[in-house]
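Two complexes, one shared chain (subunit A), two partners (subunit B, subunit C).
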Partner chain A sequence: MFYTIIEQVVNGIVSGSVYAIVAVGMTMIFGVLRAINFAHGEYYMLGTFGAWVAIDYFDLPYPVAIVIGVVATAVIAVVVGNFVMQRIVGAPAEAGVLATLGVALILQNTVILVFGGGYKFFSGGYIEPVTLFGFTLAEQRILIIIIGLIVFVGLELMVTYSRMGKAMRAVSQNIECCAVVGIDVRHVALWTFILGAALAGLSGVLTAPVNVSVYGGMGELITFKTLPIIIMGGLGNVRGTFVAAMILGIAESLVATYVGLQFRDTVGFATLMLVLMWRPHGLFSAQARF
Partner chain B sequence: MTIYLSRRGFCVGSALIGFQAISSGAFAARTEDGTIKLGLVAPMSGPNARYGAFSLRGAQMATKEINSAGGVGGRKINILTGDSQGTPVEGVSATRRLIDQDQVDFIIGDVSSSVTLAMQPVVEDAGVLLINAASSNPMITYKAGVGGFKWTFRNYPTDENRALIVLQYAAEKKGFTKYAVLSVDTDYGRAAIEFTKKYLPRFKSQILTEDYYKEGEVDFRSVLSKIRDSGAQAIIMYGNADSTPIVGRQMIEVGIAGKIPLIGNAEFNTASSIKAAPKALEGAIEAAAWIPSYDSEKSRAFVDKFTAEFREAPNNHAYVHWETVHLLAKAIEQAQSIDREKVRTALSNIHYASAVGEVTFDDHNQARLPMILLEIENGKPAIKGAYSAEIDYPK
Partner chain C sequence: MTSAERTVATTGRDLRVPFGLALIVLACVAPLFLGNYPLHAIIIALIFLLPAHGLNLLLGYTGLLSLAQAAFFGIGAYTSALLAVNFGTPFYLNFLAAGLVTGAIAAPLGIPALRLRATSFVMCTLGFVIIGQAIAKNWISLTRGDMGLSAIPKPYFALGPASFTVSGTVGFYYLVLAIAAVATVAVYLIVRSPAGRNMIAIRENETLAESVGIPTWHYKLVVFMISAAFAGLGGSLYAHYLTVVSPLTFQMYYSTTMLIIVLGGGAGTISGVVFGSLLFVGLTETLRVAPELRMIAYGFFLLGLVFWFPNGFAPLIGRFWSFLEKRK
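Our next item is the complex of A and B:
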């Protein structure tokens, strides 16, 4: 009984790590652009496809495929960032919603047009199970947790110490003041977007070996899992997002075990509703920031 | 202001041009003659897109064979596709589009039971003949023929038959009595379990855990750990092929591969599923309408030709759609007309030699077809027999 609970918590942490890497990019983009990026799951999908193409078409090893997947996503993010996301800065909220939904449709259907709508088999990665403290996990999942931690520590350091990181925080606090003191808001917005999209791509490449299937519509599910996380975490709040992702991962895992798998996808939105009733600005903000 | 007006003018103008294009297109479709327009509704995108691709290829291959042999009574068959995405909503609008815009004479579709159930009333209203080739939910023909829908036929065995023979084999040959359920949350997955439950008492068996997954689900670890701890001897899975590799891999991860076999139907027998998780699929028991290694001359010829043409072995859906197009062509030939009512009558009385045996339809427009039972042994499907069962329609 106790063992089962612990094991399910571990399962939850594994899926939570994936959610966290995707969600942190989305929440940072929100912080700077004040727009929910509905295309975020599509960058996750693009990363996976980049790696899949590298492995299936060019026979490259998985570590190289990770780099290719992330770089491919970043390149597409540069294009989308320049043509779409930069223009959202300062635009009304509905412009952001429409633009990112449109981008999501275009990216998803382009991939389906090019590669077909069927499931592809992702053959890379480290899927051998290993036993750790009595739990059996695929090596890949351990890799996911480790990279997840590195990403979060790295982001924390970046926003605290680097010039770009400070600029990102400044833009998320007050755009007008940034303009006054000479921060190039559009430049910061572009780089935040590229970083966020690349992180989504990274998490796509990392999860592909355990999820096995690669297909054009795979990003949708991720976008809708991510939405409640970033709202619970407090939009724009990096640490809050991490904790919210873990809460969702663990809650889903426990619901799948004790209630039923068919109810798992309701957990995210049910928790979200509860959170919004009591703390409309998210779990971790003392007050609403926006 | 002038810019605004000219923009509006542009919008109105382009809308008019668009309208004209559509209406002239529809006109062209109506005046076109001589070909038999066959609509194919299948999941061309979405989680079941693989099934759609196979269905289309099977149907296309059959059409090519028929057309190159001179067509049916001199008429060529032309396939028009509709993408159901595996969801009832999209399936119904694809069906409507095929009927209203493309003006098809006959429709074959869909793979998903949920979609087929939703399409039935649509074709009934339009009086267009629907032959289903790949949905196994028993309700589809409970409600067809004397059961109500006069325009629906099904050339595919049902889950009632499937649930019974899987359970029988598992109980009698393997001695299983305790099961865990992990099925897809659709009309197909749920109905198969419902019929399994109907036969559980006969084999003194019980279900210990029951879970249904959403199409596109990728994380089965929690539920598989629960199954491992529940004491189940086998996992009853009625699902889609795309989930099988994921479930298989995660079974290896939680340490139940090789200990708790999968039984039911989710393409356990295809090379790609077995390759993804050989250890998990060893010992899997499956009842399928057809498998590539089925031993009959017609079946072998189909597999060879399909593999040569598409450089990929066919699956069940490719076969059933290939066979169903040929079945329809034979019905049209016997009717000596493309008049829908005459073709329907011809279909009811048909004796068609399929690759798995003679096809005839009962008064519920359900084809009498066997299910093939197989077990994965040493990484390859071994056929354990073909079973037919009389369907006991509710009065």
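Our next item is the complex of A and C:
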């Protein structure tokens, strides 16, 4: 009994790490662009598809596929960022919602059009199970947790010490003053967006061996799970989002085991609704950006 | 001649009333020359016009962006379906019940939701749709879960001994046309009333509106409920037309469609929303054969709306209308 709970918690930490990598990107994009990126899940999907194409069509090994998946996502993010996301800076809130919804529709359906709507099988990845402290886990899951931590620590370091990181913080705090001190806001917005999308793609590539099935509509579910996470974590608040993602991952895992699998995907929004009713400003301070 | 007389002499007649009458006549005789499939597209467009009107009241006139219309659409559909399937009640009862139930449910949902800031409010309304779908899927004793409710009887009206069943596409077309017309007139009356002006005041500057004594909180809640009721009525029609409801009736795609209708047609205008509904839903029904292309077109259209046509088609309609008025 105790063992099962720990096992579910560990599984929860794995999915929490997946959500964290995606959500952290989304919350940074919000912090800088003030736009909820409804298309964020699609970049997760693109990363997965990029890797899948690399493995299935070109027979490349998995590590190379990871790189290709992330690069493919980043390239598409550059296009979207230049034509769409940069123009959202300074636009009213609805603009971001609608524009990213539009991008999501385009990306998702183009992929379905090109590759077909069926489920595809993702072969590749380190799915060999490994036994640690009496738990048996696929190696890939451990890799996910490790990369999740690396991403988080890396982002913290970047945001605190690097020039671009400081610029991101500045833009998320006060856009008008950035122009005064000479920060190119659109440039920062573009690169924040590319980073966020690339992280989502990375998450997709890493999770693909665990999920095994790949299909064009998989991004939408991720978007719907990430939205509650970033709201509960505090929009623009990277640490809060990381914690919220972990909590959601563990909660989903426990609900799936003890309440019922069919409720797993609703945990995110159900929790969000309860939190919003109780604390309209989110669980963590929205003031603590980045 | 003075220049004033010359200006009057060269202006044509005011063509707005004849044009309007022509449209009404056209709408009434449409089934005579349109096949079943175009009629079906128009029926769907008119069904979606109701929740679109509701969203227009909420977004276009009061300034609240909500994605919840699909949730209330679904609630209305299921209400009507459950009444019709379990009790065999006549259509007008199902219809009214859908509106009332949805409006009533909107109150406890709206009260906490409207306290949220704009972004969180949008998320919350999206949450209503998702939770609605989850409830429809899992409350199997009521909704039969994924199997949904089927064989919903065609709408029938019973007055004492006389009863009348609407059957066939043409019959349904007239039913929906009548209801949509009444709904449009209702929205027009709301918008032209002092209440409508207060709503616009809230949209433009809520703090200022409050300071001149408009009870903004009450207005927002009531508009939220009315908007939900409109969506519920639309859902009822949808249920009776398709004769099937399932958890898929609660999908974000419907909320997105209604948003496109309102924003693409012209938020804050009535003719814009009517035009938008006919245009978008009519087009998408016609493009059913290529669903991915249709969605991609939707996506590009959304982008175009945001960056180039923030007021949708409304300015074009406005220009056409003043062209008819002055014939210049």
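To be clear about the criterion, the second predicted complex is superposed on the first by the 285 of 290 C-alpha atoms of A that agree within 3 Å, B and C clash if a C-alpha of one lies under 4 Å from a C-alpha of the other, contacts with A are read in each partner's own complex, and residues count from 1 in each chain.
Note that in this section a contact is a pair of C-beta atoms (placed from the backbone, for glycine too) under 8 Å apart; a residue touches a chain by one contact, two chains touch by 3 or more.
Everything numeric here is computed off the predicted structure, so don't read it as measured data.
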Touching partner for A:262 - first (subunit B), second (subunit C), both, neither: both
Which of subunit B and subunit C A:15 touches, first, second, both or neither: first
Which of subunit B and subunit C A:112 touches, first, second, both or neither: both
Which superposed partner A:224 touches (first subunit B, second subunit C, both, neither): second
On subunit A, positions contacted by subunit B and by subunit C: 112, 117, 262, 265
Residues of subunit C that touch subunit A when the two form their complex: 65, 112-113, 115-120, 122-124, 126-127, 130-131, 134, 137-138, 256, 259, 263, 291-293, 295-296, 298-303, 305-307
Residue numbers on subunit A that touch subunit C, as the complex places them: 36, 84, 87, 91, 93-95, 97-99, 101-106, 108-110, 112-113, 117, 224, 227-228, 231, 235, 262-263, 265-266, 269-270, 272-273, 276-277, 280, 282
Residue ranges of subunit B in contact with subunit A within the complex: 44-47, 49-50, 52-53, 182, 185, 210-214, 216-223, 225-226, 229, 242, 245-246, 249-250, 252-255, 272, 276
Subunit A to subunit B touching residues, read off their complex: 4, 7-8, 11-12, 14-15, 112, 116-119, 121, 127, 129, 136-138, 207, 210-213, 215-218, 221, 252-254, 256-257, 260-262, 265
